[in-house]
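To keep things simple, chains are lettered A, B, C and D as they appear, and every chain counts its residues starting from 1.
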């Protein structure tokens, strides 16, 4: 008498500890085990996942593609891209910092310790640190800081000095300061509330860093306004830079050509895939964020 | 920058305690509050819901149409019909007894105390007790007993004697005995394990009840074999009977004509809607269960 | 909910609906009055009636699919006489206009049926269902062909005795715009877009079709973007009003259909899922309009902003997400 | 998983696939090798290539819908030369046959493109995508019409130099069977059913189409019953093999398509959702067959039991649920 069930989807992802038939692959599909998922302020949450070893290959600027649980009984149909916030190899954990906003990220917000969470990655091209650089400037706002934060780890490992300018609406939503501080970066907070986040002031701050020879390279993410500022200053002073871009994604691996952004190379405009050609791009080539 | 959410479905159902704009309606859509949802044996669970007053109108043989939570991240698209197992007016609760089997009932099985559960009803035509009847015989098997159980309550209220023959595979899955016992019914358990559930034996038991004048009417649900037996005995002895039928449903209120079963009335076969013309029908008119 | 500000009424030709939310034929009956206040609805839409009594299709008539259901009812009913004597009076107790859906696979019979319905004073609108995918085994029907549509609608229109004729089209047709225009030419006063998608489910446990009739009509919120596209395309090409049907589950879906060019919507699935959905959608639509200061819901009809779209991918890719 | 018993291989004309699970064009590239072992797949299917370089459609190119996504990519690519020089070699590193999808809206150009591809030794199969709903703004394409299909397929077939020609059809066509027959008549060696459903989403926050290209193709597991019906109808009328594409997310879906008459399936959405899905589906299919003692997966092709269906509703309604 039983009717067929209409269960969908096979679930095949690697759990922490599973034997890996293909340890050489760059990426994979994983069932991470939620260690914690706490609010860092009123808008952002911090997710810590215990993951399979293969997932620990992630480096700064790369992202995972997340299959979010449903916040409302209907399915979330597409994965959500999310930068790796931190990789903790000794503990076998990776971390995400995210804004709870739409269906996917609100679904993600419901995860509780012990839950499984399906993530695919690590994907994309991350940040690159030139061995010649002694000091870099990181400028980010909002969720962009989640993407930039692991640069502090990368820089610390490479003994590169970091100045992180953290822009935020108000003191309550300044993020990742502890992470940058903890890894020896110098942090400067600029705020909307006291107008210190205005472009003119940020420009002054960066010009100061340039004079102090603390700016061998620029890194940014999350704001068109700040990207433009850094592009101008970079061009003016001949300072190279990198920007992490965002775009709606489907495959995340470079197959579908959904995640296109415009870049200008030697005066010629072209489209590139954020997921595979980026998400980190040469700052001067980006045409708007 | 925010994209539209794609949240679906408005949820409009009455919660316990909500003011009722239409208290006279026979049925409604309700958000019941789960009080408990426990296993009664390896296959069946017992759900107790605190519900809005209007939902308490349910009587024996009627059903609710249940919007089950998803057992697997994908949506359960259609409601599931389920008989009312018990109405506890003083506590403002209704109860269901159900087999965890397919997607819907397994989803239901996941409900925990404090959860909300969307139910629509009460629906359908329930059992009818003729004031002339002094003693009735209830014969059920498996989940059919969930449907028949509230008859014991109805009979007790009407001071009608009940003999309940409970058929089951083995002693572990005999159900509702306590409920029948507690309301003063006489229960007879017949089992596959000792072959007492075979039709010949059940026939002997019922013939005995007929001789003892304990069988003014027959009631059954859940087994074609037992329905046929009762039809024969009913015809032979001129004893009226009622049967509760099942069929796949969509609307549950009589609009869609999905839930059809064949009935034979005065030699003419016809289709009737289980949801509105039933689920309880004249036993002699049913053509197979 | 802020109330009493927006005017939710819409006119479909001479018929005024108090709001643009109606049930879809076959997914509704007066029996829903047990659960909701039918007087709240924009219209009452009766299940498609055929002239002669029909038992309908074999069971099972519904099966769940990955995302929705397929169903195959086969237009059961007790015939036109019983309908007029017993069912019309059930609807006549309520205030919204009564739209009666009817069907036949024979043009002469369709015309006769129309004549009988048009003669019934309580019937306000005749909806010609020329698009039921499961009334016979092949899934064929008038609405699959421009010419058949024109012929059928002409014959039916002739017998409407001045009552409005709404024509329900099929999403299975390849060129919905031509068929819509044919229906308009032939005298349709409104187009109902659309019926269900001809579908099949095969059980992998017993290798059999899941429905007794083999084929069924797929119903699912998933289909809304397809039907919406059809409504949009047709609205650009016809002058008569359109009722959009397919996957409406919330007030925003009503808005979306209206933006695409529909004057009202019909709802099936959502009312099965939540029997109080239609009333809630009306409440939500009112609140949605009031929050945005929309004074007349009719302002939404065809208001999609599609005339200044940037077609250079190099430009659009540099806009923010 | 019991292994090594069932023979999963299927033949599509002269091409042998190790198993009936292939990716769908446009939803796959060699880059998936980062995540899965491409040698496990039944075939490798390259994204549709056009002769001249194309940027594709404006962004956004994807939007989530109630149950699935709509997408409008617009066949971007670097043109046939780059494709043959740089992309074919990427695929040639792997063992499964390489199926190259190609497209044009001009028959002569389509023929030229075919000729160039056919001359490339690493290309095993030419798949003519005559059904992309979003390569131009109207959604029109050859596969909407029997005659256009016949003409296009004839011209393409002429230039295949003996290589197999698979033809991808459109689910937006009204009469899929006639179009399938036209393709068969014109020389198609296999039919790929189907491409995506032309759709529209309008944002209710800004009244604008959600996609840069306005229309997009709907992709969703919800659509499987529609495409399955098409495969079933076509399989009864053509002799060439069919590849079913639409909503496959698990091994049972492969079985269902094969029962309906498909020889293999293509998978898009499921591989986006779970990048390891295709490999898992192959494993599950093998286990499914072994559990049931099925020795050759080809035994499933067209094995639906539909010849003894009970058509009397009075009888079927009295069968158990």
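Criterion: a residue touches a chain if its C-beta (ideal position, glycine included) is under 8 Å from a C-beta of that chain, and two chains touch if they have at least 3 such contacts.
From a predicted model like this one, the values you see are computed outputs, not experimental measurements.
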Steps needed, at fewest, to go from chain B to chain D via touching chains: 1
Whole-Å gap between the CA centroids of chain A and chain C: 46
Distance between the centres, which are taken as Cα means, of chain B and chain A, whole angstrom: 54
Distance between the centres, which are taken as Cα means, of chain D and chain C, whole angstrom: 31
Distance from chain C to chain B - Cα centre to Cα centre, in angstrom: 35
Residue numbers of chain A (touch at least two other chains): 3-4, 6-9, 74-75, 103, 247-248, 260-261, 271
Per-residue overlap in chain C, given as positions that touch at least 2 other chains: 55-56, 59-60, 63-68, 204, 220-221, 249, 252, 313-315, 317, 319-321
Pairwise touch network: line, ring, star, complete, or other: complete
Parts of chain C lying in touch with chain A, wherever the complex brings them together: 63-67, 203-205, 210, 313-315, 317-321
Residues on chain B engaged by chain C in the complex (per definition of touch): 1, 3-4, 7-13, 22, 25-29, 67, 74-79, 103, 118, 120, 123, 247-258, 260-261, 271, 276
Interfacial residue positions of chain B with respect to chain D in the complex: 3-4, 6, 8, 75, 224, 246-248, 260-262, 269-271, 287-289
Residues of chain D touching chain A in the complex: 26-29, 31-37, 47, 55-56, 59-69, 71, 73, 76, 220-221, 249-252, 270-277, 279-281, 283-284, 320-321
Contact set on chain A toward chain B in their complex: 2-3, 5-9, 69-70, 72-75, 101-103
